[in-house]
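Structure in structure tokens, see below.
By letter and in written order, the chains are A, B, C and D; residue numbering begins at 1 in each of them.
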Amino acid sequence: MIDPVVLVLLIPLAATALLAAIPNYRLGAALNAAACLATFGASVGLLLHRPAAGAYLLVDDLNVVFVVLNGFVAATTSLFSASYVGHELATGRLTPRHLRFYHAMFQLMLFGMNLALVANNIGLMWVAVELATLTTVLMVGLYRTPEALEAAWKYFILGSVGIALALFGTILVYLAARPVVGEGLDAMVWTTLLAHARDFDAPLLNIAFVFLLLGYGTKVGLVPLHAWLPDAHAEGPTPISAVLSGLLLNVALYALLRFKMLLAANPLALAPGPLMIALGLLTVLFAGVMLYRRRDVKRLFAYSSIEHMGIIVFAFGLAGPIGNFAGLLQMAMHSLTKSAIFFSVGHLAQVKGTQRIAEIGGVTETHPLLGWGLVAGVSAIVGLPPFGVFAAEFLVVTSAFAQHPLLAVGLVVGLLLAFGALLLRLTQVAFGAVRGPLQPVRASHLPMLAHLALVLVAGVWLPPPMVAWFQHVAELLG
Amino acid sequence: MHGLSFDIAHMLAGSLVLVSFLMLYQVRLTALLHVLALHALVLAASVAWQAHIQDAPHLYVTAAMALGFKALLIPWALRRIVFRLGIHREIETVGGIGLTMLGGMALVALSLQVMLPVTAMSDPVAREDIALALSVVLIGLLMMVTRRNAVSQVVGFLSLENGIILAATGARGMPLVVEISVAFSVLIAFIVVGIFLFRIRERFDTVDVGALDEVRGGRA
Amino acid sequence: MALIGPAFGSFALLAALGVVLGRHAAGRWLVYGGSLLACLLLLATGIGALDAPPETLVLPVGLPWTGAHLRLDPLSGAFLALIGIGGAGASLFAVGYGRDEHAPQRVLPFYPAFLAGMTLVVLADDAFSFLFAWELMSLASWALVMADHRPDATARAGYVYLLMATFSGMTLLLAFGLLAGTGGGYAFAQMRAAQPAPFIAGLAFALALIGTGAKAGLVPLQVWLPLAHPAAPSHVSALMSGVMTKVAIYGFLRIVLDLLGAAAWWQAVVVLALGGITAVFGVLQAVMERDLKRLLACSTIENVGIVFVAIGLAMAFRANGIAGGAALALTAALFHCLNHTLFKSLLFQVSGAVLVATGTRDLERLGGLIHRLPVTAIAALVGCAAIAALPPLNGFASEWLIFQAVLLRPDLPQWGLKLMLPVDGALLALAAALAAACFVRAYGIVFLGRPRSEAAAVAQEVDPVSRAAMLIFAALCALAGLFPGVVIDALAPVVQPFAGGRMPVQLGEDWLTVVPVDAARGTYNGLLVGVFILGSAALAAAAVHRLGSRAVRRGPAWDCGFPDPRPITQYGGDSFAQPLRRVFGSVVFQTQEQVDMPRPGEMRAAAIVKSIRDPVWDLLYVPLGGFVARLSDRMNGLQFLTIRRYLGFVFAMLIVLLLALTVTQ
Amino acid sequence: MNGIALAGAGWGGQGLLAALLIQAGQMALVLLAAPLLVGIVRKAKARLQRRRGASVLQPYRDLRRLLGKEVVLAENASWLFRTAPYAIFAATWVAAALVPTFATGLIFSWTGDLIVITALLGGARFALALAGMDIGTSFGGLGASREVMIASLAEPAMLMLVFCVAIVAGSTQLSSVAAYMLTQPVGLRVSLALALVALCIVAVAENGRVPVDNPATHLELTMVHEAMVLEYSGRHLAMIELASALKLLLFASLIGCLFFPFGLAHAGSAWTGYLLAIGLWCGKLLVMAGLLGTLELSIAKMRVFRVPNFLGAAFMFGLLGVLLLFVSRGM
């Protein structure tokens, strides 16, 4: 019996090699989906059997949920991707050669993200995040249009600077740990770091956190470090948009959380709360305003992702058992919901032949399942019940108002701004006069429906083990 | 011995900051590339010295890479790009050299100030090194922000990265340094290849998405 | 409580059925028929709970560590019964009316969900469940508003509606956050137990008032209501106007009377002021409206205002420890809620019937329907008379109680209340008179006179089920007016815990007379008034027919010497409202009329252009929308910067953070 | 519990039958006296104009003649048009029966209070306005439209003065109010004076008298009440005429019993007391009829759009009176 955590890493890596070698795109798509499903299966295995923490790998309450979530979203995305690329191939936007590259990169990205999640070594985690970023850069530029290249380049440069800053922060953490833990590998092992974080040099840890916040925050898409995010979402293939919003942002945020735990464990270190609250609030408000002038449907939802990252960071900034729990819940819910939205939007953009909102209309009439799926997804993402995001936003706003009334009011203003914009566009796209071509699309509705169903269930009932994990992690987050 | 090694390490790190300033001062691309090579050279020396005093032979690999890749290959490649794009005579900065230099000074002061309260460092070499490395990082970023030209921005990024390598090697016993420097080199290679392939002449600056948006008919 | 499970189960099942069978006639029968039964179940449960000790239930769903708390106490019971009545009526009407639905698959799945949401609101006993249900109710009703999604007006209505509904939800979220405190005590039981500081309680009150007021339609948060209620299918409009606004009022009562406990007197002043303004504003809008359903929606605003006035009175009396007065005012508020549910459901059903029969809601295209839709016309007459507060119908009974409450204690100690009470009395009187004017106009233009369009001339009476629904509600309006004592006594256990007292027992009185405080202060006997009116009318008719002539001859109407047979020579809706528009509208709504009279010899037609401006919209929402638009225009530039600029942001951020670090350390 | 029994307790030995008799007597009395009052007002106006004028019994003759005539219905008149006259009559009659004319504490007085009376009049107006719109002529609509505009101010004004009186007397029950006014040293109160002025204005407006409307006009464009009833004929018109005569009587009695309650009999008074009270009531009516005639002759009719100001003033007087009461009990 091989350790599931190894499988979670090995399957994508092996699939990368295999897919790079297979020229047949149909087989490639199938294999991609199969590998993703297998990875998902292995990640579910982690729920049953959790290996002990090693020097490099770690599975604990925090990451087990996200590894499973990663596996699940990747699996559904690969299914969606199969029908999506079929259409792209048919319309000639992509060639089989592109697809071979795309599928290999997809698996490599998955490997990178899984590695970042299960890494117990902050250096390894950094490498993994960089890997995931680079692969997504390549995929964002897949269409080779000037806009796509532009977006990829922007992503690449901003991402690289972010990576560099994160590395500097990582080095500083090592420096802080070295006098306590001793030289060498141990001073980069996260579990060891956490155990000794109490004795670290607090000022050094603070500086490190600033760099890590900016470095990983760039990946998270916090304003004003967000610039790459909308374009990367809008210009890349939609499965990648789904994965970017659904997974990569989470992975970067996850990395940030790991370091926040270190800070929380050190009594002398500065409380990152106010900083995160300020950044989160700025992000929510900014994204809320920016949503109004969006004309591209994918860019619209990219800004919505920025907004949600703001809410999540705000929640973690609030800290306390409720704030942290809400942040974790919001991460999971946003990832499921946003990818569902991108599944729907991707097919709609394909059938309408455009991503311009003004040219899409009345889709609940022409494509009921996709259209109502979009309605449900947007309702969920703006935090309406019976969907899971509601629970998270409920906790964030109520606990924020009890602590910082003014900030909570700011958050609510931001939420309402974003709500107004998203609803406006949703009304245009889903209802009203029918605009754009009407032909049916060969869509795979299963991924979207599966995601929405999960979000729906989570809105009503959360599995007790997950609650227990989240509560434990919330405690560690301080 | 300890005092001497400290002094030499300190001197090398300090020279890196100096070369960074030299970089800020350059307005011509070709000259800038020369200074870049010098920057990498000083870094290589610094890393090699760290390898020596820490008795960490793997750091020699990093030093060698700095020497071979960053001091020779990258400047050469960039030089070719510059000539091919025909921008080797271009001079431009935003805000003027004097102001930039002043900014650089402020950054150095800031990084020293930031590192000042860090007390519990067992070994003062590291602390000073880190402060200087931070200066190099910040100046590199300043360069990226103040220069319009894609090539000079790459140079800025490279110097930023040099600062990080300096920090990494200064951190005694840090694992994965070599791996990280290799990863970084890959990153830089990507950037250079990107510039080369996509002929991103000045896309850092003048070609912006806003202008494209007009053409595309509003894909915002 | 035992019946709640089946009711919820059937709502869920019916929603699923609605998805599956959306396009089939069987779907309509099953969903509406099932909803009817479930609503009757709710009605029974609600009435049963009125006089029973509170029951609670905790389910392991919802917020993990809190769970879903449900509680059925007399207050929930009263509103549950209200939902039951309104829901049953709407469902019954829809069994027939739904036949003419264009896109039933857009209505059927959401209709049971809407009912379930409202039911859950009144049962919820923790903040999470409450808001969950609150927003679910909004979302489901929004989907129903969007049922006929093609017109631009619907898109706008749905947009404004859901935005305001979410605003309401967010505000309540803040209120609950305040009440729950940092510990996260989300259960209502914890909130009741906590004793918030006066400032906190005041803030929570303000937030609750804004939050529930936005959903109920308090000025200036009412703008969505005249847009959204008419856009939905008529039976849904009936639910939204007749029931959902009551659920919002329930939310206010629950938070302010129950969770916050004793209120300060200034809170009563605020509620009284807003209620009075809302009542007059709503009815003024209604009286000038030319869309039948919008007219009804505006009148809903008026009635919400009246209920809030009554609640404000109850708060004022409660703050001063006058139990009898508080009981009277609160009973009046609840009674008026019931009455409004009855006659507004009825009137929206009528509007649905008119819409089906003629295809239009425009007053200027209706007329003479009393000849074509005789049954509908009778039901509509009862509804209009009831909403115009004419004795002996139910609208009068509750307004009479409110007036009694206003007059009860002129010697309240606080100056704010001293001034507010008479002003509110005046506003209520004005609203009542204008409501009568409004419904004379509505009924007269729609049902009387000559048809103003071909469609109205050939209209056919609606199906028997719809007719039955309307007649049942007309009968209920009459019954509630004739026997108000029954309702008042039934509401006593609801009022008791909040008012600290109850109204005198009514059923023991001679002839079922209503006695608000004691007989010397004023009494009213709906039954006798009804009997007297009927009796004397019958007596007069009999006497006249026996003693005088019985002959009848038909002839042409008097035309004043200018025979013009076209129906356009009649007074229309706009012309009827013109005097009122000039008297009231010129101040509040800046109404203007521009007459374009051709000079002698010119061949073009004369024209009159009227313009009405909504001050709330102009002063509050337009500037707000403009601000967001300008801000987003201004900020939009940030989407199109160069990479260097974005790097500049990163750099600046880094410097700022490092500086902050050096400063703080 | 009863207050109602209390109200009826004064009847003591006289028994239910006597109580019912007196109640019925009042109802019959108002019905019989109403046309007379109209006749007297007309006579007074004629005399003041130095005309002989018709007999004071002329309204009775008119009614009899109308009752005997056939009804001419417009072609598209509905059932509402035919039933409305009876409804209007019944509502007005019930309202008039609730006002103590010569005695307080009538057996059915607790059926309704002042607010109910106001609402009953509102109901009559509701029916009349609807009837006016039923035929679908421009005059009917015009009359109805103006009527509801006037009512939209007259009714609140009426309610305000009701409030005013009710607060002073601590009751909305007319019998109680009259008894209070009679027995308590009310004295001259500013708010009551304001209420009286308001009530007079409302009475003028409600009865369609100059300067608000002219009951004698037949120029269609200036009519309000007459425009609504333009299509009525025969017995229907008779009922409406009777109803408006009742209304005039009602207001006159109301002013009498609220502000000049002297001489009112009360439950348990002797027969002589009742007779005296009836005599006094007739005297009050005569005075008021004379005053009304004088008023109508001395001022001109207003333009329709000046009426709101006139009634608004009444509303404001009423509100002012109530405010004064709320703010200071001594006023």
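Simple rule for what comes next: a contact is a pair of C-beta atoms (placed from the backbone, for glycine too) under 8 Å apart; a residue touches a chain by one contact, two chains touch by 3 or more.
Nothing here was measured: the structure is a model prediction, and the numbers come from that model.
J.: Could you let me know which interface, A-C or C-D, is made of more C-beta pairs in contact?
T.: The comparison resolves to C-D.
J.: Could you put a whole-Å number on the gap between the CA centroids of chain C and chain D?
T.: 35
J.: Per the centroid of Cα atoms for each chain, what is the distance between chain A and chain C, given in Å?
T.: Each chain reduced to its C-alpha mean, chain A and chain C end up 43 Å apart.
J.: Based only on mean CA positions, could you tell me how far chain B sits from chain C in angstrom?
T.: Computed value for the inter-centroid distance: 68 Å.
J.: So how far apart, in whole Å, are chain A and chain D when each is placed at the average of its C-alpha atoms?
T.: Comparing mean C-alpha positions, chain D is 77 Å from chain A.
J.: Quick check on chain B: which residues sit in contact with 2+ other chains?
T.: Correct list: 114, 117, 141, 144, 203-204, 209, 220.
J.: Touching two or more other chains, which residues of chain A qualify?
T.: In chain A, residues 153-154, 157, 161, 165, 203, 207, 293 touch at least two other chains, as defined above.
J.: Which pairs of chains touch one another in this structure?
T.: Here the touching pairs of chains are A-B, A-C, B-C, C-D.
J.: Which chain D residues qualify as touching chain C in the complex?
T.: Touch residues, chain D against chain C: 1-7, 67-80, 86-87, 89-91, 93-94, 97, 108, 110-113, 115-116, 119-120, 122-123, 125-126, 129-130, 132-142, 144-146, 148-149, 151-156, 159-160, 163, 166-167, 170-173, 176, 220, 230-231, 234-235, 238-239, 304-305, 308, 315, 318-319, 322-323, 325-327, 329.
J.: Please output the residues of chain A touching chain B within their complex, sorted ascending.
T.: That would be residues 121, 123-124, 126-127, 130, 134, 146-147, 149-151, 153-154, 156-157, 160-161, 163-165, 167-168, 171-172, 174-175, 178-179, 183-185, 187-188, 200-201, 203-204, 207, 231, 234, 293-296, 299, 355-356 of chain A.
J.: Can you list the chain B residues touching chain A in their complex?
T.: Its residues touching chain A are 114-115, 117-122, 126, 130, 133-134, 137, 141, 144, 157, 160-161, 163-164, 167-168, 171-176, 179-180, 183-184, 187, 190-191, 194, 198, 200, 203-204, 207, 209, 212, 216-220.
J.: Please give the residue numbers of chain C that touch chain D in the complex, ascending.
T.: Per the touch definition, chain C meets chain D at residues 367-368, 370-371, 381, 385, 388-391, 396, 400, 403-404, 406-407, 410-411, 418-419, 421-423, 425-426, 429-430, 432-434, 436-437, 440-441, 443-445, 448-450, 504-505, 508-511, 513, 515, 518-525, 528-529, 532-538, 540-541, 544-545, 547-549, 551-560, 567, 569-572, 575-580, 582-584.
J.: Which bits of chain C are touching chain B when the two form their complex?
T.: Residues of chain C touching chain B: 636-637, 639-644, 647-648, 650-651, 654-655, 658-659, 661-662, 665.
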